[in-house]
Amino acid sequence: MNDILRGLAEAGQLVVTADADLVEITARSLQVSLGATIIASAIGLPFGAWLAVNRFRMRRTVIALLNALMGLPPVVVGLIVYVLFSRSGPLGVFGLLFTPTVMVIAQVIIITPIIASIAHQAIRELWADYHDLLISLNTTRGQRIKALLWDGRRALLTASLAGFGRAIGEVGAIMIVGGNIDHATRVLTTAIALETGKGDFALALALGFVLIALAIAVNLALHMLTRTEKDSRW
Amino acid sequence: MKLGAMLLSLSLLTPAAVGAEEMKMAVTTSFANSGLAEVLLPQIEADTGITVQLLIVGTGQALKLGEAGDVDAVLVHARAAEEAFVAAGHATHRREIMYNDFIIVGPSEDPAKAGAAETAAASLAAIAQAEATFVSRGDDSGTHKTEMALWNAAGVEPVGDWYKAVGAGMGAALNTASGLNAYILSDRASWLNFGNKGALALVFEGDPALFNQYAYLPVNPANHPHVKASAAATLETWLTSDTAKALIEGYTIDGQRLFTFNAVPQ
Amino acid sequence: MVSTILPLKLENVELRRGGRRILGPISLNLSGQGITIIMGPNGSGKTSLLRAMHGLERVRRGKVSWQSDIQTARAQQAFVFQTPIVMRRRVVDCIAYPLLLTGAARSVARKAAVEQAASVGLLDSVDLPAEVLSGGEKQKMALARALIRRPEVLFLDEPCANLDTKSMAEIEAILTAARDAGTRIVMSTHNVGQARRLADDVLFLWDGYLHEQGTKAQFFTATQTAEAKAHINGDLIP
């Protein structure tokens, strides 16, 4: 309990004094995780919608696979990405190992299934509602997906935010592919792991509280920007 | 503050255009936890212009990174593994830099009477005899290899409920030992720097078998032409210089010196 | 308007679901002008027939053919469902949607939608989210949306089934106005009085078959089959 209180106090102090190291790793955390969320959304949202609207033979298998991929252990993804981008690996020539770029790549792999799966579920329900109307209006497949994506945008935002939540709190993959290098690839979660390992629980907790506050702030900001819950009926 | 962070993050996106050269070195958690790096790195940059990026991993992973050519040099403390590494051609040579020592840490009441032993091996034997909880790194690190050598010397095979192999770095293992109020083999530097000692205390020290040699291994550019061989060579020269000697031997925690410089000129 | 897609011909159209026959075989010819009312007890296949005519059901047995090619035919029809399908948008955007699909500019579509909303009495609600409308208002909105592209043929599946009398009267007025403007209307209802008010001709379904058909006068005053007579009387058909 003592550690938690000290952690809270230290978090407050770091934030109020705008501690330079804290600002740096927080900015990098946002950079990596927001970047990964944007890319993963660009892939996952349309794919989820496409999957909801199209009927093809392997569909049930693809959906089951997608849901299973949500449970991909991040550390396994990290290992695979490491092996691919290692200098001894097939993609080593790009020299991306131990950079924020490869951290984004690893996180995109981890969160795209989550975003696609939630998007698929939301769009599927909406499609069930709109089905007869959109067929009756003689819409093309592209027009249907557009209408579903636009009208379902609130649910899609939830999907993206779920992906973001997973990314911002992720540590296993980015530790391996990023290396937690000071002033280069250290982010909030890997810094927390490091300080915990050193036994400095107060600092680790402080960073943890900053991370939680950050996640809340991003969510709030997005909800305010999109004016959800403004005129709810109940 | 958020705007400031945004601007800072934008600047982080652009590649470092400062004249400094960068190289990557894999080091062990034991070395990193000692805090010595924070003293050495700024001086290295000031003297040589090299920004050394440290990857803090276990000994096994450090050597693997060197083998794959993902780092330019390796600094570990596992002599047999290092010599095999050089023999296999992954590093051009092995250069001893400094040593510190291992100690045995345990519950302050010392129920197994490990502190009364004559040698480190005997101390561990006492712990096994008493079946007192013992936390092992269990990760094939330099520390772990030393621990296994001691069990070997004591003629004891450590198995049983009392022996907990955690498979983690020095700090994490110390955390576990603290939580379990268990015995553990640790390097002195990590122990002194450790922030969560709980009811643990230093129980045994001083046996020459606990001698812990750190060596520098530059990755072989013949295998990996992209490796920053000249920067690695410059760093090696610095690490074996008088400046390094002064900083390393001047580094203390609670008034205790941690490392002894023992590099020989080439 | 001169129709380019009528006549619509159904030849031995049969619909099955799960091995059971739910409609047909039915053959009929839809042409001319005015309002055709499809009548029949519940389960007689009224909805299935409408959906088959409009192309919402895949017809595997028999043939549905329009005078024109299928693409032109699809573009010149509209359908109003028993429970209005409401998109999660503002009323004006719902009504404008069919125009946006054919490539109209947003401002043009919106303007036309406002006019259409006014013509069904929804001018005050154009900027509200469509979900907050009452049942009757939603159905009027659906009607406005269906009429905005000036379709040649308009299908309606029991549009007033869940509505109050006032809404029903308003919708009937809109339909007669559309009929007078030249739209061919095909509508099902179980309300005999409504059928009497609106029909120019009647298709009577029973047990999935086209049991009797005729002009309004023929069907209501010179009814031929016992089942049709019973239905008009409001009796349960044996």
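Read from first to last, the chains carry the letters A, B and C; within each, the first residue is number 1.
We take it that a residue touches a chain if its C-beta (ideal position, glycine included) is under 8 Å from a C-beta of that chain, and two chains touch if they have at least 3 such contacts.
All values reported here derive from a predicted model rather than from experimental measurement.
If each protein chain is taken as a node and each touching pair as an edge, is the resulting graph a line, ring, star, complete or other?
Its topology is that of a line.
What is the chain whose Cα centre is as far as it gets from that of chain A?
Centroid comparison gives C as the farthest chain from chain A.
Between chain B and chain C, tell me the centre distance in angstrom, where each centre is the average of that chain's C-alpha atoms.
Centre separation, chain B to chain C: 80 Å.
Between chain A and chain C, tell me the centre distance in angstrom, where each centre is the average of that chain's C-alpha atoms.
So the centre of chain A lies 47 Å away from the centre of chain C.
When the centre of a chain is set as the mean of its C-alpha atoms, what distance in Å lies between chain A and chain B?
34
Flag every residue of chain B that touches chain A in the complex, lowest number first.
Touching chain A: residues 1-2, 4-6, 8-9, 12-13, 24, 29, 33, 53-57, 67-70, 168-172, 174-175, 178, 193-197, 224, 226 of chain B.
Residues of chain A touching chain B in their complex?
15, 18, 23-24, 26-28, 30-31, 86-89, 92, 95, 97-98, 100, 179-182, 184, 194, 196-201, 217
Provide the residue numbers of chain C that touch chain A in the complex, in ascending order.
54-56, 71, 74-75, 77-79, 81, 85, 87-89, 97-98, 101, 129, 131-132
So in the complex, the part of chain A that touches chain C is made up of which residues?
126, 129-130, 132-133, 135-139, 143, 147, 151-152, 231, 233
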